[in-house]
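In what follows, chain A forms one complex with chain B and a second complex with chain C.
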Partner chain A sequence: MIRRPETFREKFNIDVRTGHEVVELDLAGQRVLARRLADGEERWEPFDRLLIATGAVPFCPDLPGASARGIFGVNSLQRGIELRRFIEEEKPQRGVIVGGGYIGLEMAEALVRQGLQVTLVDRAPQVMGTLDPDMGALVAEALRGIGVTIYHGESLAGFETSGGRVTGVVTETRTLPAEVVVLGMGVRPDSRLARAAGIPLGDGDAIRVSSRMETGVAGVWAAGDCAESFHLVSRRPFYIALGTVANKHGRVAGITMAGGDAEFRGVVGTAITKVCDLEIARSGLQEKELSRLGLDWVASTIESFTRAHYYPGAGPLAVKLLAEKGSGRLLGGQIVGTEGAGKRIDIVAVALHAGMTVEQVAELDLAYAPPFSPVWDPVAVAARETAKLV
Partner chain B sequence: MIRRPETFREKFNIDVRTGHEVVELDLAGQRVLARRLADGEERWEPFDRLLIATGAVPFCPDLPGASARGIFGVNSLQRGIELRRFIEEEKPQRGVIVGGGYIGLEMAEALVRQGLQVTLVDRAPQVMGTLDPDMGALVAEALRGIGVTIYHGESLAGFETSGGRVTGVVTETRTLPAEVVVLGMGVRPDSRLARAAGIPLGDGDAIRVSSRMETGVAGVWAAGDCAESFHLVSRRPFYIALGTVANKHGRVAGITMAGGDAEFRGVVGTAITKVCDLEIARSGLQEKELSRLGLDWVASTIESFTRAHYYPGAGPLAVKLLAEKGSGRLLGGQIVGTEGAGKRIDIVAVALHAGMTVEQVAELDLAYAPPFSPVWDPVAVAARETAKLV
Partner chain C sequence: MAREKIIIVGGDAAGMSAASQARRRRPDLEIVVFERTPYTSYSN
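For the complex of A and B:
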């Protein structure tokens, strides 16, 4: 059961003011200016402690035709519902997805399943930019396998419209006919109010917070997709907009705002998704991040099976691990494969938290039985191969 | 493809002598006495370095009727094939499984699937003695759900036979009619040759070995189900007969015998199996082991889902974690649940290797997306609950 806000409101006697927008933070005066959306009436609300949880906003291109009917972001449940209704009612034949990240991939699959002819455009030279190019290529292959046409390295230039409806997506080099367009171009933290109030921002303009989720201004907390995290592998501040991280932020902020003791020590960059039968997961740092940090690394990719190769349902997977040259410290991992592949990334995630070397990962006492794994778990095999290069 | 021994023999020019049994080790003389099974001819074979890999032997009760037709162990592929052939040809109606461990459970499922009426007898007060009683009860419930009748706390007393065929299993308190009986009463290391030769034995009479898999006698190695391991959580020698451990033993022994450098540092007691739709996994130490070690612990069991509760295919699972009172150090974990539950034990396994506290486990950046997990992975939820009791 999903709890309705009313439940919390009743339980904790919270004054929930829906249909309002905060338009200004007056930190010195310990008050916020709230505007009622219905009639524009404004009112100052006082606070002792303030939590900023403004979330993220999707990148929305300010391009010709961007407001035409048939162009959708899917940054809210409501927009998702609208998109589905549009497809059901208008029966578009051709869909274009702009962006090859988590949202773009999931929406590509969704449109294919709805029977549309789907094209995906990404300005990056690969889909799934959170994977290294070699692993991203496996994802592209799977997308093509379900009939998705992919154009890499092409920026969105605008939209063709007719009578207020989208009819095509224009890139630098071509026009793609489309009756429906889904934008999955990523998000940025909604830190506008914080910035205007002089609260210090950090990575990607996310609100800088301590491990207690306190901002640089006393009495003001921030949590969720508007707030920064700390990357435990790079040992640097890091912006990532993920539900699991936002949830941890909120828990720590709630405890510390109420005077309790809690810390959010950080993330290791774990993420997972699936496109049709393909599971895609990553944790730690990828090659382009390592380059940026000036780290010297080795990497190895192995192919194996999700279960004992002779067991029904065993399917292929690829595991790539990256380790620091010399020390052998695990720096990251990526997994692409069939059912049972993806959640293996948790092995990598825990090992990253623990600061293990790939040699240590190769020795781990991981669970084996034919329905679950080959005798040597693919992650351990990749670790062994990577250890040879250290 | 499973490689035949011939492939290795040819590749490495190994003199493979099948159909022989070693009957004596003469360590001082650096030779072994091999007897050809076909004709009993004996011959001394010299060695510079010796590997003992004699494996394990199943507990076989020396009880009235134990050699009757229809009574099977499944300790070799050949015995499994014979059992299947027996069921196909003789069409038994009633099967009794003796032993409620991994083999017993898997065979109970196999016989149910073959249409037999199945009864399982175990002398222990629960099935799956490698789980704590509360978690074992979930497994028993699932077994009953597929129609298996279970008798706990009843030792095997003998067999009833007729014309050389088994007709029933006799326990201390009852006789169970049966046309086929499968014994899954565990194994013990086959260390008879080693013991006779004066090689020091350890836990459960397994051959004591160093982390290089060297026995207490120079020039003699041991590996696999006949050899001891080291438990990284209890910090004590530990006997466990599992394919994944044996495989690691063999790799290290092979390297060090050949003059290379390798170490097998130990295990954390990870194991996994499945009975019908139920996945069962454990790692670390369970309550009875902790009692024996005199450790003071806290434990918490939580119920959650394998995926986001609203996602198709989400099923229930229970996670139990145990931690040291005071320090909060993770000591063990057990998982019982539907598809996707079991391999989560690897999170526990890696955390045990790393010596993490349950508080650290609760903070892990584990992979979340609705097809794979609730926002808080059940293992993290269990860790959070356990941390409250520390």
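For the complex of A and C:
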């Protein structure tokens, strides 16, 4: 929940200056140039140690009409509030979501709940690009089930506007009328200040950091959506913009900046979301990443239930696991299903952290009673099936 | 002598987590956070 700037000031003696944008870093001079947005006044502020936590910016193509009223990228609480206010005040009938990722899915559900007629456009041949196509198809089915129209494989070409307001979204093949548009086309690290100051960048232009969250410049740290992580499965630098990761980055940076010892070892790419009643979760590497890495892998998808099949509230779920051919090392997992399905991904996340094989996952002593799980947990069943292919 | 000073650019999850951790360890530090929007971290 929100902690107000005043809370930080009064309780923690942290001088939070909201409405201030840092516009330049002078690393040699150990100072930053801060602009007060209310009146544009700029002032140099000296530091001994600096943390860059500038976050990410939504990817927003430079297309005709992109600045029209009614087009939103929801990358901050502020923008989310503005979108909500726009819907309440302007009462749009038709909404178009561009991008079928986490933001796109959550906004599709939100707009449906507000009573809008919703269309989702994605340039990829599937929604939820962090899932493999077969699991993504289950998500598309659920979206259609709540009344969302989906157009795959269509790139955004521009916007139709009238009097400075958006009236439609133009793709390569059609024009979709809309009074409100939400862009969920992914984000990129906001590393502009760091780049201009000559701080080394890495994967996807995220700021390169050590496990202590130190940049390549002494006395300068970076953390959160602007900084790179390390992928524990691929053993490579990896960019992921998630609040959980940002909190961990920040924690380590705060400790090491204060002279303490802490390390952020890395991520396995775990994420979870939901669309109405459908829970969607993933961890580790997916097929397209494994192909890119040149790994030889096997995969298995099983269908089961979230509880004992006869128990009230039991619902279907699908679990897909991927493992390295030969060694059997677990490489990734994806889960799509009803309530109780999603958090099972934590089994996969722990197994990935531990470097377990699918054989070992199949043998885990997991909790069972009919209200919680079938006798054989679906993740263990998927591990057993995958192990047969190794 | 002036107090040792940390500047944090960005007051969302990473920036505010770092500020809180640094404060916990070093009550003596001067910590300044610059945040563009009217809000600070909302999920920690």
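As a working rule, the second predicted complex is superposed on the first by the 385 of 390 C-alpha atoms of A that agree within 3 Å, B and C clash if a C-alpha of one lies under 4 Å from a C-alpha of the other, contacts with A are read in each partner's own complex, and residues count from 1 in each chain.
The rule is simple: a residue touches a chain if its C-beta (ideal position, glycine included) is under 8 Å from a C-beta of that chain, and two chains touch if they have at least 3 such contacts.
Since the structure is predicted, the reported quantities are computational estimates derived from the model, not experimental observations.
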Once chain A of both complexes is superposed, is A:Gly55 in touch with chain B (first), chain C (second), both, or neither? second
Which partner does A:Gly29 reach: the first (chain B), the second (chain C), both, or neither? neither
With the two complexes superposed on chain A, say which partner A:Gly115 touches: chain B (first), chain C (second), both, or neither. neither
For A:Ala367, decide between first (touching chain B), second (touching chain C), both and neither. first
First, second, both or neither for A:Thr273, with chain B first and chain C second: first
Just to be sure I read the superposition right, which of the two partners does A:Gly164 touch: chain B = first, chain C = second, or both, or neither? neither
Based on the superposed arrangement, let me know which partner A:Gly243 touches: chain B (first), chain C (second), both, or neither? both
Shared chain A contacts, counted only where both chain B and chain C touch the same residue: 243, 247
Parts of chain A lying in touch with chain C, wherever the complex brings them together: 1-5, 8, 12-22, 25, 32, 34, 37, 45-55, 76-78, 193, 221, 223-227, 243, 246-247, 249-251, 253-255, 257-260
Per the touch rule above, chain B residues touching chain A in the complex are 232, 242-245, 247-248, 264-274, 279, 281, 283, 340, 342-347, 349-351, 353-354, 356, 360, 363-369, 371-373, 375-377
Mind listing the chain C positions that touch chain A in their complex? 4-27, 29-44
